[in-house]
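Each in structure tokens, the structures are laid out below.
Here chain A shows up in two complexes: once beside chain B, once beside chain C.
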Partner chain A sequence: MVSLLRNQKVHNALLQVLYVGSIAAMVLAGIVIARRNLADQGITSGFDFLFKSTGWDVNFSLLPATANDPYWWYFLIGIINTLFLGSVGLILATIVGTIVGLARTSSNDLARLLGRTYVDIFRNIPLILQVFFWYAIITHLPTPRSAHEAWGFLLTSRGLYIPFPNVGSAAFAAATVAVIAAIVLPAWLGRTSRLAQPIGQRHTIQFAAAAAALACSAIILALGRLPDTPLLDFPALQGLNLRGGLRIPPEFATLAIAIAIYGGSYIAEIVRGGFKSVGTGQVEAALSLGLSPWRVFTLVRLPLALRAMLPILANQYVWLMKATTMGIAVGLTDFFMIVALTINHSGQTLEAIGILMAGFLAINLSLAAVFNRINKAIALKGNQLRG
Partner chain B sequence: MEMVLVAPPAPGRLEDLKRRFFATPLQAVVSLACLTIMVFLVWKLLNWAVFSAVFTTSGGPEACQAAAGACWSVIAARWRIIFFGLYPYEEQWRSALACVAVVVMTVLSCIPAFWTGRRIALVWGAGTGLFYVLMKGGVLGLAHVGEEAWGGLALTLFIFVTTCLIGFPLAICLALLRRSELPWISRTTGLIIDGVRSLPLISILFTFAVVLPFALPQWLQGDKLYRVILGSALFFSAYQAEIVRGGMQGVATGQEEAAMALGMRYWQRISRILLPQAMRNAMPATINQFVISFKETSLVVIVGFFEILASGNAAYGTGEWRFAYVEVYAFIAFIYFIFVFSLSRYGAFLERRMSVSER
Partner chain C sequence: MISTNSTGEPALRIENLDKYYGTFHALRGINLSVKRGEKIVVCGPSGSGKSTMIRCINRLEQHNGGRIVVLGTELNDDVGNIDEIRREVGMVFQHFNLFPHMTVLENCVISSMIVRKQPRAQAEATARRYLEKVRIPEQALKYPSQLSGGQQQRVAIARALCMQPQIMLFDEPTSALDPEMVSEVLDVMVTLASEGMTMICVTHEMGFARRVADRVLFMDGGEILEEAPPDEFFTSSATSAPDNSCRRCWAIDWKQRSECVTPHAFRHLHD
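Let's turn to the complex of A and B:
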């Protein structure tokens, strides 16, 4: 028996069984105890509750939602809210980060100083503090009656009102898809395997594709326009309330601003790192070939920096997606808040936590998959990349 | 033939300025735009925070509200609640002393002389012990103060320190388990690490605070504070484990093979050969992780703890100071900034120091 234990293979197998077994036992014990505790409170486990109506409301939703809707519909709303808020925050943060990052790599001392101050301030203050701060600012804005107004935008404590085209929601969604196509299509066509024409022709085709997609979206908007209304619907005061335009709720605006500013400071550092990684030799070579500074930037520095940035940027985007869970601090019904409310109202604790984990796993994995594909698609080919 | 070397005329001040900021028209535009933004921001900020601000509490909230600038009197009136939360008034010196102990401990552990496993453990053990005794009391004639009364900066520091104290050894264990040669052990650990990393911290804190009591037997539940600290430590260790693992991958395999050839046992190899070098490699990323987790302690406000952010909300949220939210948030942001900025500067210094020693 002792000699059997001394055997390396047996020893290893036992160790593994012990480790995996004890973890599995702990998890199983937890689930068993939780089910018994929940059963004592009269809560039957299982996923039947998904089809019951919730009986409570969500304060922000892109899809129609009433208290009569079932739980599965609410979970879907939560996921869509999280993805929507995440994408808006992501895009804004990328814009802010690119501007600040470029300022930080600029040759101008003043621009560098400004960029550095921005990064140092906003990176070193917790995101949730910034969320609370912006929420306090926005909810203390004047009432609709004495709203700040600029170019048709209204800032009030009830949210931000922006002009909005007078179109049906289906037409608006279709137009959005067309605009996205206008961005994605040229990039997709641009890959050498698809179009083997000379560079000049390829650019023409890309340009034509983008223009066609944009024209499509304009036509859709024109066709979907609500009859007898002006092209843009401006918000305006009517009685005590504001009519028209699109209202962005304070909670959503708060999170979008906070994520844009905080995320922007992180992305700025990534952008700076990316540009720093471009070898000076390559820039000098481009300059000595007689390229103008602008072409050196667009043809040499940017493409190389982008490849260096992308893997880190992907991690940052996953992080920003998870940051949308701060919604619960100001009461925006994102995916996590819906799960928390579900636990409060229905008591289906284990199931809701399981759905939460599965949801975030799916979001993270799909984001990572998208970025891996992009990464692979734009990776430099060949084995003599440096030097 | 004699060569006369004449140095080019030294550029004057004006010349130098012109070269640096107005070399091309574009440069000039950028410089002017940046200068305008900076002057505008600095002037606005100074005007608000200093020139038209009110600093004394003598006028009360009314005089303060009427002022055009910042109302710093809210800090003068409410600083105790921001720093100490609901801690009993007469005992607040203990809370202050406990904070000082933690800060001293952190500063000590930044000095290279303390970077041996035993010394660092001693410093952190002593610091945390002192903090706990001071806060909790019940011995040495100190009155007993339960965890539910802890708050403000002291609670923030306590959560941070205990998170690191539990999370760091756990991270090393997880990293060692993940690089184990036994496939099932490394795979299961990898699954745990990646699973925790894919979840947002808030959801983990919420699970540990609200859901875990259902899944634990009565005797194991413990106080909510300690459960939340455990959750936060788990989250910290999942990220830190990957950093430590990265550090271990940077250690040449020959090192471990040489140790094996010398007949060192597993624990000797790990503690004397692998870990010292791995921790050195992982140092900058580790400091960065400390910075991140210090900022993330503020998330416990969501599961209902009275740490510095929540006590800030309370400081302006009640009664006559309702209008002074910007000042309170600015003050708390400043406190966070001091801690986080000095830590991250220290990290940058370390990185430079190490890159010099490697040359």
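Let's turn to the complex of A and C:
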């Protein structure tokens, strides 16, 4: 018996059993206690509430919503709001981060100083403080009657108004998908091994795919146009309020800006690190071959920097996706806020939080999976023993 | 000290070249003239300015004084001149510096396609010809890190040759290689020399210098201390190095290395 316990394999197996067993016991105890407490308070657990109507409104939704809609529809609205805010925030943060990051690696002293100041300021102030700061600024913009106007864009305390095509929402969504396809398709065609054509022909195929997708989106927009309206709808003052165009609510604008500025400061550092990691040797070799500095950038520095940046960038994106939950601070009905309201109104705390956690897990795991896939596709071949 | 000028413009003319790193005077009034087809080997202890000198020739380092005229074009702040010179001057580095995200073939075609505006088919044909010349045609579709050091350096030579340069610069091309790979790279360089390429090589391979060099330069402290055909350089025990002990020792030590087939055995001697 003692000799059996001294066997390394038995020993390890026993520890594993003990470990898993104690975790299972804890979870089980938690569930039992929760059920008894809920029963004591007369709360029925279960997911039946999902099919009851909510009785309250959401202030921001990409889907039609009324107070009669059931909870599951509201959860869907929340997830889509979070995804939308996340994508807008991530794209803006990436643009800001790239510009600031490049400024930080530039040889221009002023650009470097500005970039560094930016990062120092926005990386070191808590996100929630920045959210409140932008919200205060946006809600103190002039009223619609004295709005700032430029090229059909209006800045007011009721939100940002932008010109918008007069098309149905389904047509607009389809056109958006087509535009995304125009970006993703050529990139995929350039990498996939399923097309074994030489590079020259590949470029033609890529170009054709992008053109076809863009043409598709143009056709969809033309067909989906609302009858008897101009192509673009400009916002204009009517009475005391603004009519026409697309209104971006102050809450959404606040969060998009906050995530872009805050995330941008982190991404700037990632971009800077990526470019610093590119060996001077490769750059010198490219220069000595007679390539122009711009070509050296696009052919050597950028592709190599991107490979160094991607894994850290994926991490940052997952982080920023979670930062969308700041929506509750200014009252944007993102996934988190809808779950919070659901808990208040229905009392189904455990279920709602379970759905929230599962939703964020699904979003961020998919994001990570996409990045892992891209990472793998462009990873440098071989054993990396360079030099 | 100045080599005899043949008729016509030399491939390379350097006059009174000065280079500073901050306050450090890295090159002190270098004068050098290289005829077309001439092979120059530059040797000397580390920190003597050998690499700095050849890196000035294609403007990887900016010189602070004097003139550099490459193939009749003066190297100055004119971006057009710099581009023109870089097109005609190939360079091979100590650490190969291949582009790790491109295949061997892509490494070779990229510059001729973009700088020389050649169609891909033509650029690939040229690249394959040079890969054959450096004896690794079968590695064309591999990535640099899948190759050995010697193979990588031969790819780097092929890559530079694909631009069909008139002058080749070698910056210690075998110093980062394992001893058994040195000869495969040197063999390619010997072949290149026999075909009449104008070459300037910074190297510690004295056997190579003896075999192919028209002239051997010995540098120390940012100056060319001695310049002679290899026979003379390696046989005369005298050196024109100033009689202050250390430099003189170095010069004599370097000459003795030519007796050795693999100077690597003497690695411990320098620094």
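Quick note on the criterion: the second predicted complex is superposed on the first by the 352 of 387 C-alpha atoms of A that agree within 3 Å, B and C clash if a C-alpha of one lies under 4 Å from a C-alpha of the other, contacts with A are read in each partner's own complex, and residues count from 1 in each chain.
Please note the rule applied: a contact is a pair of C-beta atoms (placed from the backbone, for glycine too) under 8 Å apart; a residue touches a chain by one contact, two chains touch by 3 or more.
No experiment lies behind these values; they were computed from the predicted model shown.
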Practice problem: Have a look at chain B and chain C on chain A after the superposition and call it: clash or fit. | Solution: fit
Practice problem: Measure off the angle at the C-alpha centre of chain A toward the C-alpha centres of chain B and chain C in the combined model, and quote it in steps of 10°. | Solution: 80
Quiz item: Regarding the shared-chain residue A:T105, is it in contact with chain B (first), chain C (second), both, or neither?
Solution: neither
Quiz item: If you stack the two complexes on chain A, which partner ends up touching A:A329: first (chain B), second (chain C), both, or neither?
Solution: first
Quiz item: Looking at chain A, does chain C or chain B touch more of its residues?
Solution: B
Practice problem: May I ask you to decide whether A:R307 touches chain B, chain C, both, or neither, giving the answer as first, second, both or neither? | Solution: second
Quiz item: If you stack the two complexes on chain A, which partner ends up touching A:Q316: first (chain B), second (chain C), both, or neither?
Solution: neither
Quiz prompt | First (chain B), second (chain C), both or neither touched by A:I343 | solution = first
Quiz prompt | First, second, both or neither for A:T54, with chain B first and chain C second | solution = neither
Self-check item: chain B versus chain C as contact partner of A:T254, first or second or both or neither
Solution: neither
Exercise. Go through the superposed model and pick first if A:L287 touches only chain B, second if only chain C, both, or neither.
Key: second
Quiz item: Of all C-alpha distances between chain B and chain C after superposition, which is the least, in Å?
Solution: 5
Exercise. Could you pull out which chain A residues touch chain C in their complex?
Key: 198-200, 279, 281-282, 284-292, 295, 299-300, 303-304, 307, 378, 380-387
Self-check item: Complex interface listing, chain A residues touching chain B
Solution: 12, 15-16, 19-20, 23, 30-31, 33-34, 37-38, 106-111, 113-114, 120-121, 123-129, 132-133, 136-137, 140, 322-323, 325-326, 328-329, 336, 339-340, 343, 349-350, 353, 356-357, 360-361, 364-365
Quiz item: In the complex of these two chains, what residues of chain C are touching chain A?
Solution: 58, 60, 83, 86-87, 89-91, 93, 95-101, 110-111, 114-115, 119-120, 142-146, 156, 159-160, 163, 176
Exercise. Please give the residue numbers of chain B that touch chain A in the complex, ascending.
Key: 20-21, 27, 30-31, 34-35, 37-38, 177, 182-185, 188, 192, 195, 198-203, 206-207, 210-211, 214-217, 295-296, 298-299, 301-302, 309, 313, 325-326, 329, 332-333, 336-337, 340-341, 344
